[in-house]
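Both complexes shown next keep chain A, but they swap its partner, so chain B is in the first and chain C is in the second.
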Partner chain A sequence: MANRVIPVLTILLAILAFWYAAAIWMNAPWQDRLNARADLVDVPFAEFAAQTWAQDKPVLPAPHQVVSEIWNATVALEITSRRSLAYHAWITLSATLLGFAFGTVLGVALAVAIIHNDASDRSLMPWIIASQTIPILAIAPMVVVGLGSVGLTGLVPKALISMYLSFFPVVVGMVKGLRSPEAIQLDLLRTYDANGWQVFWKLRWPAAMPFLFASMKVGIAISLIGAVVAELSNASGGGLGVRLLTGSYNGQTVQIWAALFIAAGLAAVLVAIVGAAEKWVNGRMGARA
Partner chain B sequence: MSETSSATACTNGPAVIRAENLGLTFPTGDGDIVALSDVNLTIEKGDFVSFIGPSGCGKTTFLRTIADLEKPTSGTLSVNGMSPEEARKARAYGYVFQAAALYPWRTIEKNIALPLEIMGHSAGEQAERVKRTMELVNLSGFEKKYPWQLSGGMQQRASIARALSFDADLLLMDEPFGALDEIVRDHLNSELLKLWARTEKTICFVTHSIPEAVYLSTRIVVMSPRPGRVTDIIESTLPRDRPLDIRETPEFLAIAARVREGLRAGHSYEEGSV
Partner chain C sequence: MNRTSLTTMQFALALLASGAAALGLVFSLPDPGSVPLLTVFFALGAAAMVRLIRPINLWFDGALMLLGAVALLLALPQTGAMPAHFWWALVASWAFAWLFVERLSAAIRAGHLPETGTGLVIPVIFGLALLVAWEVITRGANVPPVLLPPPSAIGARFMAETNILWADFVQTFIKSVLPGYAIGCLAGLAVAIAVDRSPFLKAGVMPIGNFMSALPIIGIAPIMVMWFGFDWQSKAAVVVAMTFFPMLVNTVAGLNAASAIERDLMHTYAANNWQTLMKLRLPAAGPFIFNALKINSTLALIGAIVAEFFGTPIVGMGFRISTGVGRLAIDLVWAEIAVAAVAGSAFYGVIALIERGVTFWHPSVRGGRA
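Entry: the complex of A and B
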């Protein structure tokens, strides 16, 4: 136990130390100006450092500022408040989950079509790859605004952006996974005169499970990014993306960092949930513990 | 060569497999490869026939052709009086591959039940057949284990049980013990003989071990490469009941010498053949 905790703590402390040091350095010019205005000269370094860690709109907020902002914007606020990060996180999370579900279903469906049909392999794959070369920042506003003009607003347009990003790793992973059975495993089913349906459910699908979970871990993380990016195009809808946007309009760096941390934490939790599901399925499928 | 092949025409039972002038050519970018050329062979019910020869002699290809995993390009082949495709669709044979090819996400009993599920047997019937075949290959007690928990020899026994579970009369075995060490192989060989005696199945067995072929078979088909063809067919004079030490007897050694001679006649020992 100790030999796992110590390295983790060491890295964490190193990051924190670096962060505090960087905060002094990056906030120093503004602090110098503030002190000059207030006719403060020869401020001792310890006091100066404390000042740079307590600015109202710092270039780089100190960790404790971000933590206290997160605390104030979640636990200390009513969950229904428009300023509550928990409220905004929920908006983003719901779009993420819906988009992830759409993306996974679409990805699996495309992979099934691709492995069963040579023509769809050749005709679909180039488009699927091309779709991922378009910057999501360019396409998200078009989709959100476009769908908004036909009256479709709120959750679904954002989920579509999430889907657009998350289906890709699922297609690629599942094509590989569904094609992963060895020749003799397929020959075996042929000797039983198994039909296509049986080949799929008894061999291809279970063989593809490890690939599905690896893809879904990537998929759910980029689903979150998709939802956040989509929110940037619709400031009235709320969500972590909107907090980032308003934070940057108002120079509220602490607010931006708090939203970023909530997004990162959310992604970590979502990936961990997919990982736990993977572990559960692996256990059911007799994998070596 | 064709004389020895046609010498098998003497029949005392219904033919399970009948090959006439069978040929199979694989087209490749580098020119055609003749995997099988002019194979004439009749296998009768209850025979234990081994196919022996160096790599590339077509022994596995012939077995796969019987199983309808490859299509012949000339000649005729019948299995149980049907075309290989009809025989496959009638689930006329069980096939044991070089590797056990167990599905890692299924327990041993579920692996053995796989063909039964596909063929639509009821749950009760499946349980009963799985139990029976697991006893037959001495795997009782390992029902709930996963393949990785079993040794290589036990995995191969499970794959034999899987091929036996649906009770086809014909068992096609493609070097099933090739990857196992000699001690395990000896043990499984004698078990296979007992199993054959108990079930009265017809067995086609591909190997490149001379002692294995002589020990197991009622007939040994010697094959050679380029083109893949039958060079000799040897009727074994050994009794059906064979203890392992029969391999020390002069009779056994004489048959082994004849197999070796057949391989030499097919140039199987020349440089680049093996």
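Entry: the complex of A and C
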């Protein structure tokens, strides 16, 4: 354990040190101007560094500023407040989860259709791949506006973007997984006189589980990205994407970084949950680690 | 079954197709001859019911599908919704298309038709069928163009605005995506090679790199716009940040791909570290590096377009998309999307082609399909 953790911690510390140094360097020009205006000359370096780490709208906020902003905007505020990051994170999270659920179901359904029908394999698969060449993330705000004009507002349009992004890894992974049983195993089930349904539930589906979870890890991370970007078009709807947008309009860099950190934390927690579910399912099915 | 040599599903599709054609024929009786080609299609489609008695060649189904689509497109009214019996034509030609594709793939599987060429026909038919259905539904049901313009309008707009689209393409793809992609990938490669020598650094970088690859890095776009200004530099910076981590993680994994026995061989040749790297481990990492290059090719375009939502000069694909939505010029937006899709696919395709040339030794390439 120790020889796994220590290298990671070392690198993290190096990043942190680099970050503080970069904050001094990048915030210095503005701090120089502030000090010149206040007729402060010959500020000692330690004091100058502390000044650059405590600016109101820094070019690069120091890590502790971001952490304290997160603290102020989550724990210190009512959860229903529109300034609460927890409130915005919940909006994004619910769209992510809804879209991820849609996407996984759609992906599995398409994969089942593809492995059971030759024509859908040949006609669908190239277009499923082609569907991902449309940069949906890039047009997500437009799609949300378009769906809003037909009366679909709130969670669903964002979830649709997440779905569009997350079904793809699931289809690709599940097609591979459902086809992973070897001929000898299929032959064995034939000798048992298993019907198609039994072959599916007792062989193909369990065999596809590792592939499903690997795909779901990619899918949930990409769902979150989809939900965040989809929020960029609707400033009144709330969500982490809106915090990014308003932060960028008002030059509130600390707010942007805080939203980014929360999004990163959400992604980490979601991937970890899928990973835990994977361990549990694999353990139940007697998989050897 | 013997009589028609069709599976249950094909039989159901055939019944649906001919039935819809027959219904269309009945409903079009009140004004016969107003659209002669469509009437011909209905009649022939209904006549295809004779497959109950004797089998019909699969190419006849294909011809019917084509006839139905062409007749329907020609008969579409310029304004207003289309007559109700046209919908039967849509259902019938869709069913004929499906039936044709089913029988074609069955024939390929049975070995009656060659795989090459005909295998390509099926996805093309599916795509064209989607386009025809899109065109017929948007124009036939009088969908407001603001919501979803028909493909023909998008095509017309594409032709009319090529210089704007080209300027946007240059701004976004040539100026932002390509430099960012090159810098990000090269930096990832360089850092991976640098940490490769030290197991300690490798153990530290890998989990962090994996973690960073899963994060919504695209969110740094507003920060980059603040740091590097509105022009292409900020977009290229976003692309660098997005492409760096997948490249780093894949290269580090790939550099471990060479087996111990191959490394031992290099050792017996008294090869130094640099020679082992250049002659064995970097080539062995090729499939991993190209995997990252392919992932990054799609990420890069998305990153550049999204970054343009946060501030841009008055040119660029992301700018055109966001202002197009505001001005309700949705057909221009779709033309821009088409450009992005084609550019993204071509980018990916070029990388895949280079991969086939460079990693020709890898089983996945030698197997025939990449």
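Throughout what follows, the second predicted complex is superposed on the first by the 280 of 289 C-alpha atoms of A that agree within 3 Å, B and C clash if a C-alpha of one lies under 4 Å from a C-alpha of the other, contacts with A are read in each partner's own complex, and residues count from 1 in each chain.
Note that a residue touches a chain if its C-beta (ideal position, glycine included) is under 8 Å from a C-beta of that chain, and two chains touch if they have at least 3 such contacts.
Here the structure is a predicted model, which means the values were calculated and not measured.
Q: Following the overlay on chain A, give me a clash-or-fit verdict for chain B and chain C.
A: Partners fit side by side after overlay.
Q: On chain A, which partner's contacts cover more residues, chain B's or chain C's?
A: It is C that touches the greater number of chain A residues.
Q: After superposition on the shared chain, which partner residues are touched by A:L232: those of chain B (first), chain C (second), both, or neither?
A: Second partner only, chain C.
Q: Identify the partner contact of A:A76: answer first if only chain B is touched, second if only chain C is, both if each is, neither if none is.
A: A:A76 sits against neither chain B nor chain C.
Q: Let me test your reading of the model: by the given contact rule, A:W257 touches which partner, first (chain B), second (chain C), both or neither?
A: A:W257 contacts chain C only, not chain B.
Q: After lining up the shared chain so the two structures overlap, which partner does A:A21 touch, if you call chain B first and chain C second: first, second, both or neither?
A: neither
Q: Is A:V269 in contact with chain B, with chain C, with both, or with neither (first, second, both, neither)?
A: neither
Q: Given the superposition on chain A, what is the angle at the CA centre of chain A with arms to the CA centres of chain B and chain C, as a multiple of 10 degrees?
A: Spelled out: centre of chain A as vertex, angle of 70 degrees.
Q: How far apart, in whole Å, are the nearest Cα atoms of chain B and chain C in the superposition?
A: Shortest inter-chain C-alpha distance (chain B to chain C): 11 Å.
Q: Sort out for me which residues of chain A touch chain B in the complex.
A: 182, 184-185, 187-194, 198, 202-203, 206, 209, 285-288
Q: Given the complex with chain A, which residues does chain B contribute to the contact?
A: 67-69, 88-89, 91, 93-95, 97-99, 101, 103-107, 114-115, 117-119, 146, 148, 166
Q: Within their complex, state which residues of chain C touch chain A.
A: Touch residues, chain C against chain A: 98, 101-102, 104-106, 108-109, 119, 122-123, 125-127, 130, 146-148, 200-205, 207-208, 211, 214-216, 218-223, 225-227, 298, 301-302, 305-306, 309-311, 317-318, 321-322, 324-325, 330, 333, 337, 340-342, 344-345, 348.
Q: Taking the complex as given, what residues does chain A use to touch chain C?
A: So the residues of chain A in touch with chain C come to 3-4, 7-12, 15, 26, 59, 118-119, 121-127, 130, 132-135, 137-139, 141-142, 145-146, 149-150, 217, 221, 224-225, 228-229, 232-233, 240, 244-245, 247-248, 251, 253, 256-257, 259-260, 263-264, 267-268, 271.
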